[in-house]
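These are the structures, in structure tokens.
The two complexes that follow have chain A in common; it is paired with chain B in the first and with chain C in the second.
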Partner chain A sequence: MQSTEINRPREPQQQPAMHQWFETLRLPLLTLTGALALTSLALLSTGVSPLQAYRILLFGAFSSPGRSSDMIMLAAPLLLCATGLILTFRTGLYNLGVEGQLALGAVAAMLPLRLLPDLPAPLLWTLCFACAATGGALWALLAAGLRLYAGVSEIFAGLGLNFLASGLALYLVLGPWRRSGSASMSGTELLPRDLWLPTINTLRLAPLAPIIAIAALAIVWWVVRRTRWGLELRAVGLNPGAADRLGVPAHRRIAQAMAACGFLAGMAGAIQILGVFHQLIPNISSGVGLLGLLVALLVRADPRWVLPVSVVFASFTVGSVQLPLALGVDSSIAGVLQGALVLFALLARGLLARPG
Partner chain B sequence: MQVSVHNLSKSFGSVRANDRLTLRFEAGKIHGVLGENGAGKSTLMKLVAGFLRPDEGVIRFDGRDAALRGPGDALRAGVGMIHQDPLDLPAFTALENLLCATPRSAIASWAEGRRLLVELAGRLGFTVEPEMPVARLSIGQRQQLEIIRLLARGARVLILDEPTTGITAEQTRALFAALRQLAAAGNTVLFVSHKLEEVAALCDTVCVLRAGRLVGEQMGMPVPQAVLLGLMFDTAVAAVRGAEAPPAGDGGTLEPPVTRPVAGEVVWRLEGVTAREGAVTLRNLNLEVPAGRVLGLAGLDGSGQQLLLRLLAGHARPDTGRVLVGSTDLTGAGSRAYRAAGIEYLPADRLAEGVIGALSLSDHFALQQTGRLVDRRQAERAAREAIAAYGIKATPVTPINALSGGNQQRAMLALVPPRCRGLACEQPTRGLDVASARTIWHSLLARRADGCAIVFASADLDELIEYSDEVLVFFAGQISPPLPRAQLSVARLGELIGGVGFAEGGTT
Partner chain C sequence: MDQTTIFVAAVLAAAAPLIFATMGETLTERAGVVNLSLDGTILMGAMIAFAVALNTQSVLLGFGAAALTGALIALVLCFLSLSLRQSQTAVGFVLALLCTELSSFLGAPFVRVPGPAVPFLPVPGLANLPVIGPILFRHDLAIYTSFLLVPLVGWLLFQTRAGLTLRALGERPQAAYARGVPVVPMRYLVTVAGGALVGMAGAVYSLDLKQGWSYRHTFGAGWIALAIVIFGGWRPWRVALGCYLFAALEIMALRMQSVLSGLPTQVFQVAPFALMIAVLVLVNLAGSTHMSRRIGDLPPSLRRPAQALVDRLAAPAPAALGQPFERP
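What follows is the complex of A and B.
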């Protein structure tokens, strides 16, 4: 199951300049054409003009400051997850458990909020992020342990742990942490206003969230480009056996990459609690982890493209919210477009990589 | 059915595995196909059985051209091959395996399948039974099941590739009896082996391949062993070559002066080691490799040399006995501890286990650095120095998988740290041309001059004789006493590799 084909870069062959231009443009062109064709087909089949739908998907998120804020508050945890996944992808791991790592981070972030609500807010937030990151990292280490010591692929370990984490969140929402009076699926009691991450004016935009996410990306970018640890992750991802022979502790690097990814996913969970929902809800991850996987797959764990693609994906999702009102189509068409992009990127890579 | 090939050629990359072979195998006989490792036996058999497609030439069954697009075509024509590693589904029982590999037209029902299996097994003296789960069968029994499956599908030509590797003496006897019976019934049997005594005991005719060419055509058995060995290993040529070469090494252009480092220091010491891997078992092995010694391991693939190399580098662990590096007991330690003690392992499959194909030489040197940050400049400098010192045709940033095999091997050697005191190399010059092989040995001997002990396995007898101080010959897990270089000849080595002189019944 340990396929590393996807994040393995194809080394360009020496070829004339003209040809090279074509080579580099071929992949994005094929991907875009394919994804747009498939999505248009889906739209046409429901009788909607694709052009209008694309206009809303692309620009809807920028049509008002409120929507832009929503987009940024979605992009921030998405960016954190995708950034963490850069590390696991490079190590040849498919960390499908990122979703559960985010949820567990969110649960862990609730602990200081419930136990020590009287601390000054900045200290409390710091504690929240620390707990969330630790929780996410430990949850990821569980998956890594299953992979390394029990021979369970990290894909299945992650999937199983996702169910456990969301089950735990649901249990807490309906059980010990239920709202005073009535238990409700809608979530725990809202946090007091002064514990929400500070926002700009009345917008939902909490600047701390994108700042943390971008800082994390910068650090990971530097780590994979500059440090020996980052190079070793890539070596393990490409060929664990040879890396081991060359003196890289492959098992330890696998565990560390998973833990680092869980750490960042946990931080994303803290953002969901402190900056987005202001409470623990059963579906606290709201698919951000899985969307992060799509981003990481699409950019092949290249840190250069993680930020722009995260923003584009977040604006698709936020823009799509207007689709039901404006055109009467379901907002899930954003998911279709995101999925189709990744699918066609993989397909195009596969086709172009074929010899002959 | 008569099988014939005409002008058959097949190349893999630059290697001509089969070079214009023309051969004819008559029906009702057992035909031995002999040759050392890499002579092209398996390629020829895979071509006939449809697993490979020839570059040139034709294959004829009973005189009719057969254009085989796959093993299915060959089997429909009546040709079936039994591989060294059985191709079956271990989770199924023997009967289920038989049924799922056979179309309904051949076996209509479970009852019929069971009857057929029991009947064929009984007739051929096989011990495989319908309800046995394949995972619990021995290799010999899985082979029996394969033979039954092919016969049930109507095979009239059976190809067996090294069938006696890893099966018991009892099963070998049963197999031979069954093959004789099948041949007597008019079937054609092609028996690929390197074991001279088995070929002598079983085959009606024998042909010999060497380096992809046919060197001995359809000789009726018995043929004297010396003749066969001569054909397999080209002893005549080797003897001449040996006479021309001055004793100090040929030409002396590349070889560094043979300076003996201070004797006495022992790099490796094995005490009563027993270890098992796959079908091979090494028993009660005692071995001492002093610094500056080159120890060659001869034998056919999978006779135990690889296991010994892996033991020496901590990639395999002994069941009993002790492994010492210097004076430190490293029994049961991992490869990391061996590396820390100065032992390096160079695997035969460079891209699978040796180096990381997508990374460049300078990346590899960066991996060897000790700082937290990658010092690109230092890594590139190290790569540039290695490129100059080892004559690697690459730039520091060329990905390793873009290099030729020889350059990859040099890169792997260049990455061996200077403090290395023991090198375990598996086939250090496999697939390399003569010039590349010489440069590889030049660097290996330079290491030896620094006091490094070298243990290497090779299929090339000339290489073994030219560079080893001593040679150990492996035959099915048994090991000869160390043979000093002075006592070696290609003919003697060939005999030992073919199992002559080893006690019988060592295969388990």
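What follows is the complex of A and C.
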């Protein structure tokens, strides 16, 4: 079930300069046309004008400073997850467990907040991020262990662990960590204001979140392009058996790539707690991990495109929130557009790679 | 009727959608194709079946529409992975997510709307038999179909010439090709037919067991079905056993809720997934080389039964599962 499609090197281009523009633009044009056609069809079937819907979907996230803040606060954890997935995809792994790794990171981030609430805030935040990253990495290592020692494909191990992590969050919210008074699906008690990550003015934008995410991307970019370890991950992804015989410890690299991805997903979980929701809610991961998988698949784990695509995907999701009020349609059309983009990117790659 | 009879009857009914989905996926994977889109396909099937049945007041048309939807999704998977050679895992996963979102979007007008359902249909005469009557013959047509589906798929795979060809597609596609079997078109055919069964699994939910439609109506059933196919070692009877086992444990978990009052009810929803991991570990460990060495260390009298047990648990996947076909 492993695939090396993602890592296939580009064919060298030998066309004259005139054609080169067309060649490079064919793939994105085909992808966009297909995805917009499918999404428009879905919109038309509900009797909504696609143009009006796209105006909100594409530009809604930039219509006010508040919405742009929300977009950045979604893009930051998304970028962290997609960045982590660069490492696992290069290693030939489908880390579908990234969603659960984020959720477990969020749960772990709650531990210092509940146990040591009197520490000075900056120290507490550092502890939160450390706990969250450790929690995410351990959850990922569990999936890696199931893959390496019990032969369970990381796809099913990850998926199962996703549901378990969300079950744990649900249990904590309704059980031991419930609000004083009655248990409620709406989440645990809100954190005191002085423990929220500092924001710009009254906006919800906490600059620390995007700074951490971009720093993580920079480090991972450097690691995969410039270090031996990064190269070895790719060797394992292309052919684990051959890599092993050439002296690359494949098992260890697989575990390390998973742990590193879980580490970053866990940090995303800490951002969800400290910067976005300010409490633990049952659906703390809210699909960010799965969206990260779509981002990584769309850009074929190429670090150059992870940041722009994460921002675009986050703006779709934030823009779509206004759709039910403005046009009376469900906001899940953002997910349809995101999924369709990846599906048609696969289609376009397949079509353009065909000989003749 | 005593408690046990009611329980067994409930388990047989509750496993029906899983039977549809796993039989479809068993056929597909036996032909060498992994359709990872199951979870999204079931949701789309459930939503379309309910919408069509509601608008036409025909449950049968609902099932037909669900089958068509599942077949269409499988066709997309085939085109992208078999013809355009994209990774089956990537395409299946993206389809699973896309169809999930699409079902939420298109199904929004139907949330919690009352609609038609498969009518209760006890088999005349047989339904009044003691014990067997209530267990087997007091259900509806969808559930009777699930009973027939398992022997049908078993017979098709292992007793017919077509089944032999189908298994060759998944085990040794090159050899099948050399014998004149058109590998890629045949894989299309099997995957699309399997997809239709998976789509109907959705209809069994929305028109029968969990009547109606809601956001993420079937809660991860597709992922469970994929795991059950592995647990069942791609053999229809064992896959069916896996479905009944999961259904039984799920119903028991529901009953436990009233006993274990300390735990919030929603937490039980994730119980099947813990079980899914445990079951996959068990099956894989039983098949490992480590295990065969362990058995070698056992005293001779125990060796044979231990080996038999392990052989029953561990089943190898079709050799060419998930791999693109290269013409020799």
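The definition used in the following text is that the second predicted complex is superposed on the first by the 341 of 356 C-alpha atoms of A that agree within 3 Å, B and C clash if a C-alpha of one lies under 4 Å from a C-alpha of the other, contacts with A are read in each partner's own complex, and residues count from 1 in each chain.
Throughout what follows, a residue touches a chain if its C-beta (ideal position, glycine included) is under 8 Å from a C-beta of that chain, and two chains touch if they have at least 3 such contacts.
Model, not experiment: these values are computed from the prediction.
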| item | value |
| --- | --- |
| Side-by-side fit of chain B and chain C on chain A, or clash | clash |
| Chain B versus chain C as contact partner of A:S332, first or second or both or neither | second |
| Which superposed partner A:A150 touches (first chain B, second chain C, both, neither) | second |
| Partner chain(s) touched by A:A109 [first = chain B, second = chain C, both, neither] | neither |
| Touching partner for A:L87 - first (chain B), second (chain C), both, neither | neither |
| Touched chain A residues, chain B compared with chain C | C |
| First, second, both or neither for A:R245, with chain B first and chain C second | first |
| Chain B versus chain C as contact partner of A:A235, first or second or both or neither | first |
| Which of chain B and chain C A:V312 touches, first, second, both or neither | neither |
| Which of chain B and chain C A:Y171 touches, first, second, both or neither | second |
| Common ground on chain A, meaning residues reached by chain C in one complex and by chain B in the other | none |
| Touching residues (chain side chain A, partner chain C) in the complex | 1-3, 5-6, 42, 45-46, 94, 96, 146, 150-152, 155-157, 159-164, 166-167, 170-171, 174-175, 183, 282, 290, 293-294, 297, 329-330, 332-336, 338-340, 342-343, 346-347, 349-351, 353-354 |
| Parts of chain A lying in touch with chain B, wherever the complex brings them together | 8-9, 11, 226-232, 234-235, 238-239, 241-249 |
| Residues of chain C defined as touching chain A within the complex | 34, 36, 76, 80, 83-91, 93-95, 97-98, 100-102, 104-106, 108-109, 220, 223, 226-227, 230, 262-264, 266-267, 269-270, 273-274, 276-277, 280-281, 284-285, 287-288, 321-322 |
| Complex interface listing, chain B residues touching chain A | 335-336, 339, 345, 347, 352-359, 363-364, 366-369, 371-374, 399, 401-402, 415 |
